[in-house]
Structures are given as C-alpha cells and as structure tokens.
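Listed next: structures, encoded as structure tokens.
One chain, subunit A, appears in both complexes that follow, with subunit B as partner in the first and subunit C in the second.
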Partner chain A sequence: MGATVIRGSQFYFLTVNFCIGTTLFVLIPSLVQAGGRDSWLIPLWGGACGMFFALLWIWLYRLYPGLSLAQISLAALGRPLGTVVATLYYLHFSVIAGFVLRNLSDFLTGTILPKTPGPVFHIMFLAVASYAAAQGVETIARLNQLLTPLLAFPFWFVILLATVNWDWSRFVPAFQPETLAGVFRFHTILGFPFLEPVALLMIFPFVDGKTGRMLMAGIATAAASISLTVFAIIGSLGVERTTKMTFPIYSLVQEVAVNDVIINIQSVISIILLTLIFIKLQVLYYAAFETLRQTFRPVMRWPLLLGVSMVLAGIAPSIIENGIQNSEWRKNFTFAHDAIFGLGFPALLLAVTLIRLAAGKRPGAGRGVQAGAGARSATGKGAQSGSGMGPRTGG
Partner chain B sequence: MVAFNLWFFPVAGAVLVYLLVKRLPRDAALFFALSVLSYVLWYGIARDQPIIITHLIEQGIRGILALLPMG
Partner chain C sequence: MRAWTLAKHVSGGRIGRRATARLVPAPADVPPSAWRRAAVCLALALTAVLLASCWDKTELNELAIVTMIGLDEDPDTGRKTIFYQVVNPLTAVTIKGAAGGNQAPVYTYQASGRSLGEIRSSLYRILPRKLFVSYYRAVVVSERMARHDLRDMVNMIEFQPEGRASVPVLVAREPMEKVMYTLTPMEMYPGESVTLRLSLLKDESLLVGKRIAVRDLAERMERSESVVLPMLETVGESPSPEFSRLTGTVDSRHSNMQITGGAVIRDYRMTGTLNDHQLIAYNLLKGNRGWFVRQFRLDGKPITLTGKLGRIERRLGAAPRILLHIDLALYFAVEHIPKTEQELKRLEQEVAAQLEDELKELCRQGQKLGLTLPNIRNPEDVRVKVIAHLKHIGSINQPF
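Moving on to the complex of A and B:
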C-alpha cells in the first residue's frame, strides 16, 4: 500500500468541498428551472446515485489496494491499452479543470472585476494550483482541512442572514406530479457533480483507512449541503426570480443589509465560493499531473507542471463558447460525458479484472508492473519515478 | 499572433532544449506533446477563434451514440 499521508477526516472534507466546488455557482438556476419548488430534492436523489456510483470505485480500488486510478488502468489493461485509458483520464481531468477555471473567471468578470481578462485569473490560479500539486496531496488535504471551518461557518451564517425575506408560500403547492417528474428527469446532477469524484481515485492510495466510508460520507454531506442551499434560495428568492439570475446565491446575499451595519456581505460569499472552486481545481490539477507522471514516469517534475499548466490555461478559454452553449451542454451532454469516465471505464477495468481473476490470473501480474511508479511521493518530495512500490494487486 | 509566437516558442523551446541537453528523452517527449497541445489551443485563442472543446466532445458522444444499436 502507498504511504499513508492523509487522514480519513481530511479525505472526507476534500470529498465534500470537491463535490460542492462549482455546483453552487453554476448549477442552481438550471436545477431550479427543472425542479421548480421541489428542486431541493434533486441534489438528494443525485447524491444517493452518487453514493451508488462510488461503490463501483471502491470495489475497483479494493481489487488493487494501494494503486491510483492511472496505475489501476496500467495494471488491469497492460501498458499499451492502460496508457491510452490513463491518457484519456488525463484529458478528462483537464477538461473538468478547464470548466472550473472558466466558471471562476466568468464569475469574477461578471461580478467583481469586469475589466480584467479571463486568462489573467486562469494563470494566477494555475500558478498556485501547480505549486500545491508540486507539494503533494498531503499539503492539499491539510490546506483543505484548515480552510473548511473558515468556509462552512461564515457560509451558513450568511445564508441564515439572507433568510430575512423567507416566505414558506414559495414552496406550495409542493410535490406536484409534474414538478416531481422534472426533479427526476434532471440527469445533469448525476454527471456534475456526482460522477466527477472519480478524480479522487488518484488520492485513494494515500488515505489512512476508511477510504470508502469517507468517500460515501463526503458525497452524502455534499448532497445535503447543496440541497439545503437550494432550499434556502427558493425560500428567500422564489422560483421565478432564481431562474432569471446568473448567480442566485450571490444575488441572494447581495440583498442582505442589517441596520446599515452588516452590508456588502456578498464579498464574504464571493471569497467562500472562490476558495471552494480553488479546492476543486487543486484536486483536479493534482489528478491530471499525477496521471501523467505515473503513466509516463518522467524524471523531472517541473517541466511536467509547466506543460500541464500551459494546457489548462489553453483549455479554460476554449472549453465553452458562451453561457447559453454551456447550459445546452450541461442539459444534453454532461451526464453522457461524465458517465464514460465515471462509470464506463471503471466498469471496463472491473470487468477485465474479474475475468482475469476467474481465469485464475492475478490481475496486473506481468503487465504494467511499473504502474506503481513513485506513488509514495505523495508529499511531492524526492520523487523517484519508476522506482516506487510494486503494485500489490489481486485484492 | 506575432506576440503569441514570440512568448510561446522561447518558453517551450528553452525547456525542450534543456531537457534534451540533460539527456531526458522521455521528459522531452512528454513536454513536447503537452506543448503541441497547448500551442493548438492557444493558437485558436490568439486568432480569436478558439477551438470549442465541448463541441468536439459533443461530436464524439454523438458518434458513439450513432454506433450503438439504440442510437
């Protein structure tokens, strides 16, 4: 097994913040449009499905204890095919990271800094993310653990303050058949955010036990948090207003003013949301970087960090055309795209492994044996590519 | 466009030459692949006609669905 460097609780917070990440920014208007007054139910059933998907990943990981997703691909499929799958995963993580960066710059240019070009934000955030990735997963997990209380308490406090305009009548009539149909038709939630935590499989080998339980708990907590936030937004703003806003959570808080003393608290929510997004970006950056490093085993790390950053800086402005195309994409393709990488490839890897086990072969034996390259360098120091632990596969 | 080429080639070229001088062909090949990918993306951005990645993925998904019996 890989060196244990992060605790279960740290992994739990990482999962929660990764799932919440950009969701509160991007998804709420389309979520409320689909589910109307009952849209707070969507994250709950989405989260339940997300926990079900996570069982697949946990099963796969238990067959290859101590190996990350890239290493599992190499061990299960052999070097040529495994390299193809790992490279596709690198592209997938890069595409999600591109979305995250683009959402971030769209928010900043749309609210706080309208005259700053998007690539400026992309490059600045990528510089910090690459530094964190170079330091390793332990740094990312500790930073996240440190930030979580600083994010959670102000966030819920601000949301609580924003409920001054609360009106229960905004929820009635509840549970109408047509709105419930809309709730369960909204399959985007399955892809984004609940199929994206497949990226966390790159961190699995470094977690100190209870990995599966923490992943499940993290997804459940994130689903409950998103649901509660949507509930607060509907109760305070109503369905009509929410669907017409680009960033309802920001607008909700913007309207809060307590006796001319507590004003402009939207800056608090901006910082919280930016930090959440940054945590997601960090994990995705780390996943993309480590996928390439463990697959191709370069000797030096900084050229790879530079290359990954250059690609991500190029993906972010190119990922979507505009907001309308983005919402069309989310509605029609998000689930299909995320399902290929969140369900399709893990199911393929699992099927190959089970067939090999049934045939009496130890999965990974003699194929992709170098897959474990440098996995112990989770702290980012002293990476000895190609000389890491050998994969202990076969569950 | 000239400005883009002026900053891109010195940066990517210097790193590539450094890796080759250090006799790290694997590192150089990986960096070269990433540089080509980023050049393609940045070339579109510099010309103000970015390659929209979601359109490409969309076409790929449609292609896969067309191959399936239910597609």
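Moving on to the complex of A and C:
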C-alpha cells in the first residue's frame, strides 16, 4: 500500500524548503551587516557545519531505524525521562513555529497588508497546517513537491530580473581580513536555519530510502540557494543599503523595472516567501503535533490538533514584542537555544545509547538492537508497506 | 536489554496505532461523514471571514495617485514642505469632450510642518483620497534643501514600504512653488514628462547620468562618492495652471519645465554645479554610454561631431589611469567632412586632444566641485587618455 511512505526526492525538497523558509527575509540584513561584501560566504560555511550536524542526527537514526525523534527519546531514556525530553522537543518546535508565524505576520503587515491584524495570518495558516498535519506526512510531502517548482522558478526569475542593477564594484575589495573575520564570527547561521532541521527527524521513519543522503543534499542545496540569493542582493542593492533595510529581498524586487512596463512586481516575491514560510510552519506543526501524539498517545487526534493550534496562536503574538527584540534574540541566543535541541539532546541520546550498547552484550548487543529495531519497524511498517525499513536496518 | 524491550513496546504500540488510524477512515467515535463534511464546510466558510482583504482593501476611486513628489526645507527655520502632485481622476481616463476634458491633469497638494511624517499624515486635511505612492515617477528637491541636507529626503523615500527608491531625483533651480505648480505640454503629467526627458537626455545627449535614482544617491553617499543630479527650472513668463494645451496656444514656452545643468551631491549635500560640457566629460569618465554631440575646432574651423564611448579601461591603484576609446560619427558634420585618410587622422587626433583637455580640466576641478570617480580617491591624480576613431559616416559624403 505504501500510504505513509514518502520518496527520497520528496524528502529532499522538504529539507530544502524547510531550511530556506524564513531565512531569506529575516536573516539577510544581519547577515550582510556581519559579513559585508563577503557575506555570501556565511551560508556556505554555515551549510557545511549544518551537514556535519546532520551526520549526528543520521547516526542517531541509524541506531533506531524506523523510530522518530520522540520515539527515540522514549526508547533511549525510558518512559519518564524520555517523556520529559520529548515534551521539551515539543516546546522547541512550538517556539520555532511561533517565531515563523510571527515573522510572517510582521513581514506582511510591514509590506503589503499594513492594516490587517497579525492573528488573522496566524489563525489562517494554522487552520491549513493543522488540516494537512492531520492528513499525515505524505500529504505534506506531496503538497511541498507540488509547490516547489511554482516557488523556485518565479523566485529565480525575479532575482534574475533584478540583476539589471548589477554592479560588480559592490563586491570589491573582496576577502579583506576584517570582513572575513566578521563572516566567521556570525554564529547565528548555525542555529538558524542549520540546526532547525532536527525537526525533520520526526519525518525520517517515513522516508523510503536514502534518507541521510537526501537530508545532506537538501541542506547543501539550501545553503547554496541562500548564498546565491545573498550574492544577488549584494550585487543588485549594495551592502550599504542592504544593511539598512528591514526586508532587502522585498526592496530588491520592488525596484525591478522592465522598460517601465513591468514595475511593482513585489507581490510575486511576497507570495513566494509566504508559501516558503508556510512549508516551514507545516513541518514544524507536524513535528510538534506528532511529538505530542507519539509521546502521550491520546485516543482522539482532534483535541490535540486544536490544542497545538491554540498554543501556537498564543505563542506567535507574544513571543517577541517587536523586530528589534527579534534581532537581539537572534544575535545573542539563537545559536545557544538551537544548539541545546539540535546538538545537546541528540548527543545525549546518542551517548546513552552507546553506553547501553557497551554495557550490554558487546558485539551482539549492537546487532541485537538493530535487528530488534528492524523487527520493530517491520511490525510497524508491516501493516503499511512491508518493505519500508527492512533492508536498511543493517546499514 | 530491558530498555530495548521497553522501546519495542513503545514503538510497536505507536506505529501499530498509526497504521490502524490510516486503515480505518472514520473511527467509530466521530459523527457520520455527511455531518463531518457539513462541519468542515461551515468551518471553511467561517474562516473566509478572516481573509485579509477585509482590512487592506483599496478601491481605485479611493486613491490619490501620486506622479511626482516635491520636497523643500527652510534651512533657517527647519520647516519642511512636501508637495504631492496627484493625478486628476477625471482626466486620467478622459476622451475628447468627456467630463474633465478641460481640467488640469494633475493637482498639486502642499503641506508644511516640522517632520515629514507629521506632514504626511496631516495632508488629509486637504486631500480627500488615500495617498498612493507606488507609481510616482520623480522626486524634486529644492536647491536650498539640497545645499543643506538630503538625508531627510532619502529616509522618507526609503521608509515608505510601497514607494520605490528607483525613481530619479532632480534639484529645482527655482522656488519649489514655481516648479511644482507648472504644467508641461505634450505629456499630461509633469512627473512623466520629466522622466521621459531624462532617459532621452541620457541616451541622446549624455547630459544626464545613469545613476540618479534615490537608491543610487543613498548608496553613493554612504560610500563617500559623488552623484550628479539633473536640475530643473521652469520656462515661461508666468507659469500657471493655465496651460498651453488648455488655452489653445502653440507656444510650448508658455508653460513648461526644462532640465539644465547638473548638481553635484556629496555627503548628502550639494557642493557645486556642472555645465553642459562638464556634464558630458563627467559622464564619459564615469563610463556612461550615450551619444553626445559637440562642436570641435579643426584648424580654426568648426566641425560638429557625434560621439559615443566605445571601450573604457580603468587602472586603479596608486597612479590611476583612465583610457577612453571614443567612437565618432559624422551624422551632424554639416560644416566640413574629411576627404582623405590623412585628414581623418588629423581630425581624430585633434578631437581626442580637445576632449582629453576637457576631461583633464574637469579632473583638476574635481576637488573643488566635490566630484569623485568610482574607486578613485582623488580625481586630480587620474591620468586621462582619449583615443578617437571615426566609426560611422552620415548620409552625405560632402556638404553642399
């Protein structure tokens, strides 16, 4: 039947869009402030580190094939402690989703819809997200697959149109020691977006093959895309103006003028960003919902969906008071906050697992675990696909 | 081993449950599907109430469409004035004989105060429609404001989310009232008329540079480079809303504006003006590629030549050097046309030498005028060399 299995390519696009998500319009001013003319290097080294972090998650998943993050924490730490960790993950996903929602409404009220109250956007997005989350991961993956070409082509097309204002002199002098120091001092990029894909561990068990490779490729593609966008923004807007703008990518497209006929096409970019953000929200919503569901196993799903939506609708307007607080938070705490959940807990789970493996029957225990896990996944998947996890348990 | 049994139990329970949920579409405890569908439809219909257009809807006939913005500041009192030139909705869609056919095509609204934001919001004392700045075509600032400080102008334009920063800035040579209350023939809207002329002047006479928009101004100022903005003045004895098209006069001098000279802006302040020859020289040094027409002198006799920048080589560093290759054309050489190869060589050398002198002269005055060249600290250090080549001949090979 294969109802809940998504293809590797679908997972790849999900990873790409998840990583790009809010990054393109929230992070760019502070990124350019930190790295100046060379700031397009920041996403590249950030992405390289992100791939390194992803190795940790993949390693963890290989020890528990067929299990999602919430199930892994229950399996590794036992019921009481595992519940605590899973609940913390739920809160983490909710907080990021709250930020995502808030960034979205801030963007829209700051640009094209100044009079619309923020909660309207939150509630509308949450309504759709909860519906898709209830339909399951396959729906989300297919939706994303359907939307990706509709996002990518117009996006790069308008960026290409904007290059009429290109000026190479905006990049010189390049690679000065002081700007390079700024490039590598900007640690926010590690947390946001490259530690956030830990939420994708909730989707791992549903991916049909090459999960790790697709995750790595997705992060690399996202890093390259962000870098290219930053490069285009510096080349077309210049460092001086980019650092002073709230939404440089919006202003960039706003200034596109093709023969005085095609002007004011900024709504194109608004819609693209809106959809990208929705995908990020969708994944986070799903992760938060599934974490709770798999941890507490309620009989009915709808109260949980309603609860998750209500919590998010509450977090979004109250998580920050204004954009200045947001950028302060990003500058000072994003990396630390994301590192706890992206590196700290996975490392803890990994350490506990390895210690348990070492304490148990030494060589046999490892294989026993994996075989056991394989059996688990087989029983789990047996009803659905029958083939899903079995072959990969050994590797 | 115990842990793994637990894990097995947990996960087995979980996945099993999910599988069941998948396989059975409607669990027993939910209402029948008809009810459910009705509930979903109702919920969807209710969420439609929340769609965004309830707050931010705008109707075309509620908008005051701005075509040109004017800014003035009294340096002594700090009092600022904004002028919004708004399209007259009745003339915007008019056909001959229809209502509004003999009304002014634009209305200029003017308001003053201490802060640009306050002025903008108090504008509704006199303006009955919502200000809509997405399609404005030009910004005009008064000369006294330009000589004082242009930061306010840049900030105001960059602040408004709906207004683009890619519109040209002009400096008014005369009091703002005079400029903003003058109508132009041919093109109905002065803002449109001015913008069209700027692009013609850029391509056909090289009297206007390429980078003259608000965004270019902001960027160049932040980099401590200069920008040369076109200057605007009115034509006619008594510029008034009574305008040649309406009063039926053929004379375009009756009420019009003209673009003359260039204002050098540096550090958000106007530091000097350039005349036509200096403007051509400056735009050539900047690497702008538009045709220019100049009368040169060859053996004491005048000769009018058309020229265009072909290739430009810049060498930066301690001893900056600029080498310009000028392509010449004989399109307007009515006085004299060279006959032989030898004459042509002399013509090319002479023209190159005269242009070179002018460029060097501009570089010498650069410091005084406040001019800079891209990535060159001091224009006086630049060694300029010009090479001219005849590339095009005209429709006749000898004048009558």
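In the analysis below, the second predicted complex is superposed on the first by the 356 of 395 C-alpha atoms of A that agree within 3 Å, B and C clash if a C-alpha of one lies under 4 Å from a C-alpha of the other, contacts with A are read in each partner's own complex, and residues count from 1 in each chain.
By definition in this document, a contact is a pair of C-beta atoms (placed from the backbone, for glycine too) under 8 Å apart; a residue touches a chain by one contact, two chains touch by 3 or more.
Source: prediction; values computed, not measured.
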First, second, both or neither for A:K244, with subunit B first and subunit C second: second
Partner chain(s) touched by A:W329 [first = subunit B, second = subunit C, both, neither]: first
First, second, both or neither for A:V308, with subunit B first and subunit C second: first
First (subunit B), second (subunit C), both or neither touched by A:R297: both
Touching partner for A:P317 - first (subunit B), second (subunit C), both, neither: first
Contact breadth on subunit A, by residue count: subunit C or subunit B: C
Contact residues of subunit A, present in both the subunit B and the subunit C interface: 297, 299-300
Complex contact set, residues of subunit C against subunit A: 1, 3-4, 6-8, 10-23, 27, 29, 43, 47, 50-52, 54-56, 134-135, 158, 161-162, 164-166, 215, 218-219, 222-223, 374-375
Subunit C-touching residues of subunit A, taken from the complex the two chains share: 3-4, 64, 66-67, 71, 74-76, 78-79, 108, 110-117, 120-121, 123-124, 127, 136, 165, 169, 172, 237-238, 240-241, 244-245, 250-251, 254-255, 257, 263-264, 294, 297, 299-301, 356, 360, 365, 368-369, 372-373, 375-377, 379-381, 383-384
Complex contacts: residues of subunit A adjacent to subunit B: 95, 98, 119, 292, 296-300, 303-304, 306-308, 310-311, 313-315, 317-321, 325-326, 329, 332-333, 336-337, 340
Interfacial residue positions of subunit B with respect to subunit A in the complex: 12, 15, 18-19, 22, 24, 26-27, 30-31, 33-35, 37-38, 40-42, 44-45, 50-55, 57-58, 61, 64-65
